[in-house]
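For clarity, chains are labelled A, B and C in written order, and residue numbers in each chain start from 1.
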Amino acid sequence: METTEYILKVKDIHKSYGNVEVLKGVSFNVKKGETKCFIGPSGTGKSTLLRCINQLTVPDQGQIWLHDEEVTHAGPRINYFRQRIGMVFQNFYLFDHLTAVRNVEIALIKVLRMNPKEAREKAMYELNQVGMADWADHYPAELSGGQAQRVSIARALAMDPDVILFDEPTSALDPELTREVIEVMRNLASLGMTMLVVTHEMGFACSAANEILFMENGRVIEQGSPSDLLNNPQFERCKAFIGQYHGFHE
Amino acid sequence: MDQIVFLTEILFPALIGGTVITLELIAVTAPIGLLLGIAIAVGRTYGSWTIVEICKGYVIFFKGCPLLLLLFILYFGFPTIGITFTAFTAAVIGFICCNSAYNSEYIRGAMLSVQQGQLIAAKALGMTKRQAIINIVLPQALRRAIPGISNEFIYLIKYSSLAYVITVIELTGSAKQVATKYFMYTETFIIVALFYLAIVTVATIGINAIEKRVAIPGFVQK
Amino acid sequence: MSTESIILDWLPYLSEGIAVTLGLVACSLGIGLIMGLPMALGQIYGSRPVQIIVGTYVWFFRGLPVLVLLFLFYFGIFPGIGLGGIPAFIVGGTVLGLRGAAYQSQIFRGAIQSISEGQMTAARSLGMSRFTAIKSIILPQAMRIALPGWSNEYPEMLTESSVCYAIGVAELLTRSSQIVSQTYITLPIYIVCALIFILLNYIGMKGLTILEKKLKIPGFGGGGEGAL
């Protein structure tokens, strides 16, 4: 009964690079429509964790399930899971040779085999969702960082994924540009998109997340709702970290 | 005929004789080609209008004219107007023209990439334009141009073989003679290929060593 | 009869050499492209043995003078595999093509390697297979980056093609020499030949520049990285 409720299950993920163990057994479950934020010092494996979920990085140990299907050890079927798991990168990684709308539609055409007309309509719809429809024919180099990131969110959305992974989506952006991206993400969260977000934006985490997971040294050491974070003494480490890195006091 | 005897007593002595001529061609061409290349690059970048146009014409002609044709012009054409060269001299002149034209392009590109501020700073110290070019711009530009110049040097090793067509019996020529005489084309040309590969490989190693020696910390070479 | 009119008489014969010369260039660029691109992909994405084979091939064909390659194939390899009677043009085109492949593969390799890893990561994150990602994302970018370098192959191959004189392909230089030996007018004919080469060079480069402009994408290639 309970198992079917989770759309994504992550169990005991380990990952080492050489002698350095970046992830030392991370587990959590995600319900549909939930937003989880991962916070913590840099180099604690948050990004690696996200990349393990869609197997851009293959974990050494542990399992991941999407809708009760195992994502780990999927072999060539991994491409199917990646269609179902969207990802947004810190540096956008828009395809530099394609216009905004082509960026959004290319996977629809090449991966989902949608016909070009339908794909274009879908792409325009998604660009509109992120407020970028007017920029459809511009190339990545002609967009500001915030605009580029919104296009890359549209690119992930277009695949109608079950969950979207955000890997520090605003870390490469100025504060003003950060705001426009955060707005889009907040909107997505309120519309019921399932999201896993690695971020340093405490404002977003506290207002939009259902749960905050504080990671340190490759482990989730504290987790709970934003109100727990603010009120519950179990969040001492996390609060200390936030105070230290963000000057965040309430 | 016994293969071993053919190799040791006929082919190798001939090829070694040819290699010496090839190396001579390269040894005469490379330094002059580099100096002339520098002169043309400087002329094209800092010269008066006339000099710029002359240098431009030089580069267009010698980059556009096939080297073999150039050798024909020098060796067969010039005697008809009373200027006669030995085959070796004609080959060297042709190689120098070609080598300097290409080198000048690399050096010019490198000179243009040296910041304007360098020249201004040199002038501010009281250097003349000439001093500034020689002491400040060129030492930087030449380092940047090393990959291009090295490339051109490797090309020179290879196109020196064209001298054979105007009767200089260098490496390729000596091989061709032996191959024709003993009718051993494949064997001979495979061996001569190895000779060239050896020369090119040794040259590449040497160039890399030079490049390392003249490198300046923090000075980006592209 | 004046030198000018003799040259004019022979001009049609000489001009036919233009077609042969351009034919050799086309072989070189064409075979070079068809072979060079897979070779570059093999050298980057292939298994260790594939990388070694491609690497050796490139080392061999880039390390040798065209003249030696022409002699090796024309007098050695082609007769050796029973194709001794084959027209010199085919031998010349083949050799220039095999050589072009070695050079071009390195141009493509450099271009592919210059594309940031993020492009592949993003493509894979959307569920594209490695093959689709290379075909739809990496190559369209790499080919644009490679175009200036690739264009430079044209003048190289144009002048290089004249070495086929040595095996008797009836291209521009061979025909010029034939005319010289018939008319005993040496210098003017060779100079006309040189001018034709320079003109072909100029026209070709103009065409390629137009193509480059047409394929240009804002902030991409030419200027290089920088734009983010």
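A few remarks follow.
Keep this in mind: contacts are C-beta pairs under 8 Å (C-beta built on N, C-alpha and C of every residue); 3 or more make two chains touch, one makes a residue touch a chain.
These numbers were taken from a predicted model, which means no experiment stands behind them.
Each chain's centre was taken as the mean of its CA atoms, and the one lying most distant from chain C is A.
Measuring from the average of all protein CA coordinates, the nearest chain centre is that of C. Measuring from the averaged C-alpha position of chain B to that of chain C gives a distance of 21 Å.
The distance from the centre of chain A to the centre of chain C, each centre being the mean of the chain's C-alpha atoms, comes to 46 Å. Separating the CA-averaged centres of chain A and chain B is a span of 56 Å.
In chain A, no position touches at least two other chains.
Residues of chain C in contact with two or more other chains: none.
Chain contacts: chain B has no residue touching two or more partner chains. Residues 59-60, 63-69, 71-72, 75-77, 79-80, 155, 158-163, 165-166, 173, 176-177, 180, 186-187, 190-191, 193-194, 197-198, 201-202 of chain C touch chain B in their complex. Chain C meets chain A in the complex at residues 116, 118-119, 121-129, 132, 136-137, 140-141, 144, 217-220, 227-228. Chain B contributes residues 60-61, 63-70, 72-73, 76-78, 80-81, 158-162, 164-165, 172, 175-176, 179, 185-186, 188-190, 192-193, 196-197, 200-201 to its touches with chain C in the complex. Within the complex, the chain A residues that touch chain C are 54, 56, 76, 79-84, 86-87, 89, 91, 93-97, 106-107, 110-111, 138-142, 145, 152, 155-156, 159.
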